[in-house]
Amino acid sequence: MGMHQYLKSLSNLGMLDRAPGFFKFEKHTVAAHSFKVAQAAQMLGDVEENAGNRVDWRSLYEKALNHDYAERFIGDIKTPVKYATPELRQMLADVEDSLTENFINNEIPTEFRPAYRRRLSESKDDTLEGQILSVADKIDLMYESFGEIEKGNPESVYVEIYRESLKTLMEFKQMASVQYFINSVLPDFIADSAGDKEELKKITNQIVHENN
Amino acid sequence: MGMHQYLKSLSNLGMLDRAPGFFKFEKHTVAAHSFKVAQAAQMLGDVEENAGNRVDWRSLYEKALNHDYAERFIGDIKTPVKYATPELRQMLADVEDSLTENFINNEIPTEFRPAYRRRLSESKDDTLEGQILSVADKIDLMYESFGEIEKGNPESVYVEIYRESLKTLMEFKQMASVQYFINSVLPDFIADSAGDKEELKKITNQIVHENN
Amino acid sequence: MGMHQYLKSLSNLGMLDRAPGFFKFEKHTVAAHSFKVAQAAQMLGDVEENAGNRVDWRSLYEKALNHDYAERFIGDIKTPVKYATPELRQMLADVEDSLTENFINNEIPTEFRPAYRRRLSESKDDTLEGQILSVADKIDLMYESFGEIEKGNPESVYVEIYRESLKTLMEFKQMASVQYFINSVLPDFIADSAGDKEELKKITNQIVHENN
Amino acid sequence: MGMHQYLKSLSNLGMLDRAPGFFKFEKHTVAAHSFKVAQAAQMLGDVEENAGNRVDWRSLYEKALNHDYAERFIGDIKTPVKYATPELRQMLADVEDSLTENFINNEIPTEFRPAYRRRLSESKDDTLEGQILSVADKIDLMYESFGEIEKGNPESVYVEIYRESLKTLMEFKQMASVQYFINSVLPDFIADSAGDKEELKKITNQIVHENN
Amino acid sequence: MGMHQYLKSLSNLGMLDRAPGFFKFEKHTVAAHSFKVAQAAQMLGDVEENAGNRVDWRSLYEKALNHDYAERFIGDIKTPVKYATPELRQMLADVEDSLTENFINNEIPTEFRPAYRRRLSESKDDTLEGQILSVADKIDLMYESFGEIEKGNPESVYVEIYRESLKTLMEFKQMASVQYFINSVLPDFIADSAGDKEELKKITNQIVHENN
Amino acid sequence: MGMHQYLKSLSNLGMLDRAPGFFKFEKHTVAAHSFKVAQAAQMLGDVEENAGNRVDWRSLYEKALNHDYAERFIGDIKTPVKYATPELRQMLADVEDSLTENFINNEIPTEFRPAYRRRLSESKDDTLEGQILSVADKIDLMYESFGEIEKGNPESVYVEIYRESLKTLMEFKQMASVQYFINSVLPDFIADSAGDKEELKKITNQIVHENN
């Protein structure tokens, strides 16, 4: 058993839609999302470094690139399940961990296992790189919603996602990269959106002020 | 709370692909699959009735039409998970039951709850109608694979599905409708497939004889 | 000749779009529409039964499930043709009847013919079940239009469909299930639509009052 | 009423699939088909002119470009209906003529009507240009089938189309352009197809010899 | 070498999107665009002829039908490149001419070369037919943008395209067909668009008056 | 000017197809390709490190992730143009460099420019990381072709790509990671392909032996 099955499996992520049926005008595959999160993380890493913080780039890229690989075999389980209680969520998380371990033992050759065990474990930890990943993941979700807002999709769920994502970002407000995003990216983001500019501006001001 | 959310949710099943990325040349939505299973069950019911058996048509249609509605909120969890152990599968089944119950309590008005509790519970029971549903579900899976074989997809997994589905059918071989399917439908099915006729014929003979 | 051709043909309905080019943001296949009409009919049947009316469930499911099968071989002829006069429409209806009869004689085995002759004949008759089908068919059309309105499609044709469908529903206003739909579903439907809420509300009030 | 509705309607033909569900690997819209038929007719016209025949180019382009515009409002009625008898076909043709006349009177401004009455009437007449159109229409159908054969679709129906189209071409075998197609295009067509080369060659030899 | 490769290549134009990723709700293939430009040119030719001008119809159809064939082998190079300077554009134009000449020498049989050299050269010249092509090409671009505006796409780039296209049309304002389009088509075009009616009207008045 | 335009532009790469119209059964976007190349590079980096070579992981991930970003504004120009001579190719490369420089000066804020100038420059240099990128890029192309071969696409062009890619890999045959790929991945790759196993095996043996 070599790495052929792994290489072949990557194509699956190029055909697997994120949140099937949720985004109406632009579909997002897991592969494209992983690429965009790695790109956003790269930009956030630039800001951190320019602010004098030490970035472990290998760790940052590795975390971002691999954080959703397991979607391939656990699929929608990862999606926040609307009707789940906290207990059900914990049960699902346990199932995921077991499935991932079974996958590694069945499909990854021995010499690669430590690397993939690291890559497929929870990557949003308390390190700077883990935090950048948390932020980058939300930023891409905001841009995925932007793709709907920009084309005139009036369903309020996309503005909700904007609001929830921004709230999550504010939990990391001490980071230089989050400050940069809020001060230098969000204003252009809002100015560039169609129709809901005022609502987005109001939500933004409210959340940013509440959290400062 | 009325039934608007339920009616609106039906469109989701028209956009949700079965086994995303698995069928290459023909996508199958959960809605289309449910329609086809109900049609196959109807035909199998005709045969049973012609053979002198009493069919509870209301139950048969109801089971077939609703058997995959829960896919909407549990998604891929229902798909047989490749790396799961029996314990994990049981945990997933428990999760599903809880999610379904939560769904009914959150979205279905009181007066409709008994009906939907029945419709969303396990429908493949030991009644004639439950058995017809089991058979119809497999028959549609065979035709979904046929859609690949017929267009020249040489991946062996589709022949494997044929083999496994046929084995399952044989567990119901005492039913008049299964006999009809094997004797009067399968020969045309095989004759109509492209290229693999001989292999399908061999598999069929082997499984049918082994089980008689 | 067995039922293989019939079973195989069901996949066609999963690939055949309703009103090609008409719905812009969500395509609807004939199979998905048939599934949704059967689901809507099931809910309307619940209401009728709760109101003390006797529902022939076998007939109801059968009518709903099969009412558009003939689309497979007559295709767009069924769609109301914009430039047709009443005479042309009658000619087209005659053509359809002849095509259906030819289909049954050519593709359905003798022992199944009476059942399919019944299933493929005009199902929107004066029975309670035929009336429920008429209502369910319109309700699904309203939800198909809702799929456009909800995503911000401003073309006025979708509001027109809402208006025309509601007018048709009012012809069945004496039915308990229609009363339920107007009183307990429509308000949520309107509240959930994007942008045109006021217009939909005005249209609804006007049509409901005119007809009461 | 100006020509806005007409110009706007052209987009419909860019979204209307020919023979929905029939071609599996490559969809063909009515607009693309019309473009390709006009291109094939142009090439056939070159050959006729090189052979010393007089081509009325305006008529040739006009016939090819407009020959399927009416698909927009008569849709699938034009498709040869499998279960139709000759009487039914005649009835459908009469319906088409009436629909076309109604369309012109309702949507085309007076000063343009003579031109569109000519463009939307039967264009496959006995003139050289009408005959070139008949040939070009069949050639494009052969290339549409080629699109399936070349990608390995083993369904026999595409070879059947090749056979039937070639037979139709032979009815015009006295034309220089048909001779050119058979002698200088078909050999490359067959050599370029995948897998079925020998069968296509055999069919071709048989039909060409039978008709000479 | 015969014309098989050319005929086969036409299918490519039926699968090649214009400006990939630019139109969000309606994709436009090069084949469909060529068809629609030829149809628009035909209508403009009617107007010119009714106004007493002599139209060389063969030249008009030929120019319109073939004007984008070279997209097949030069692809996006033709699209105005956002970051290009005039020097870069000239270099790209030179590259295109060379590629086209190489194509003709490699794929078109000798006897057809003069015709295709003419058909694939710059067709928007100073003849009446070249001018009609310039106008028809812009008109189709306006209708492609209309396809977005009509469905509620609020991105301002589509209104920009309307404005720029109209400005280009005004450079041909002395033509009878352009006068017809502005006076008899544009008012219906604007009245039929969704939401931005007033803005489109304002832009139109401004550009038309500035240029008269 | 902040990085909003850059972040927004990433979605374009998720909608831009590689080699439009070339892959028939599986489309590959530039974003998915970039993700898969970064994953393949990561695996090759593991092998190099296990073999005792020092890998600059930051450089490796950065090169792989960004190597095709410029596709966004230069599109098909990068695709090897079939009818181009070496001179034309050089002209196109010069055009690309100028476009990239113009892009950076117009859209990237000053403080990020050095990083993006490095990321958007030619990354396939002579460093170990540059060589791994060259190999990973070809490996993904082989797997893209595999996606066609595996589904039975008999067009010979995909086997040609396999042959040409393998030849390129052999230019790097001294690398531990290339040896690993040839010895431990290719045999499974071939065994897993459908139909052409023997031909792929023959090609592989021939190329590997010729180059050893």
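Residue numbering begins at 1 within each chain, and the chains themselves are lettered A, B, C, D, E and F in the order written.
As a working rule, a contact is a pair of C-beta atoms (placed from the backbone, for glycine too) under 8 Å apart; a residue touches a chain by one contact, two chains touch by 3 or more.
Being a predicted model, the structure only gives us computed values, none of them experimental.
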Going by the contact rule set out at the top, which chains touch both subunit C and subunit E?
A, D
Between subunit C and subunit F, the fewest touch steps amount to 2
Co-neighbours of subunit F and subunit B - touch as defined
A, D
Are the interface residues of subunit E and subunit F largely the same numbers on each copy, more than half shared, or largely different?
same
Distance-maximising chain from subunit F - centres being C-alpha averages:
C
Let me spell it out: compute each chain's centre from its C-alpha atoms, then which one is farthest from subunit B's centre?
E
Quick check: more C-beta contact pairs in D-F or A-B?
A-B
Can you check how far apart subunit B and subunit C are, centre to centre, with Cα atoms defining each centre and the answer in Å?
25
Chain-centre distance (mean CA atoms) for subunit B and subunit D, in whole Å, is 41
Please tell me the distance, in whole Å, between the geometric centres of subunit A and subunit D computed from their C-alpha atoms.
50
Per-residue multi-chain contacts in subunit F, two or more chains:
15, 25-26, 152
So which chains actually touch one another? I want all the pairs, not just one.
A-B, A-C, A-E, A-F, B-C, B-D, B-F, C-D, C-E, D-E, D-F, E-F
Along subunit D, where are the residues that touch subunit F in the complex?
25-26, 150-152, 194-195
Can you list the residues on subunit D that touch subunit C in the complex?
12, 15-17, 20-21, 73-77, 79, 81-85, 88, 91-92, 94-95, 98-99, 102-103, 106
Within their complex, subunit B touches subunit F through residues 24-25, 152-156
For the subunit E and subunit D complex, residues of the former touching the latter
1-8, 10-11, 13-15, 26, 28-29, 31-32, 34-36, 38-40, 42-43, 46, 50, 57-58, 61-62, 65-66, 109, 111-112, 115, 139, 143-144, 146-147, 180, 184-185, 187-189, 192
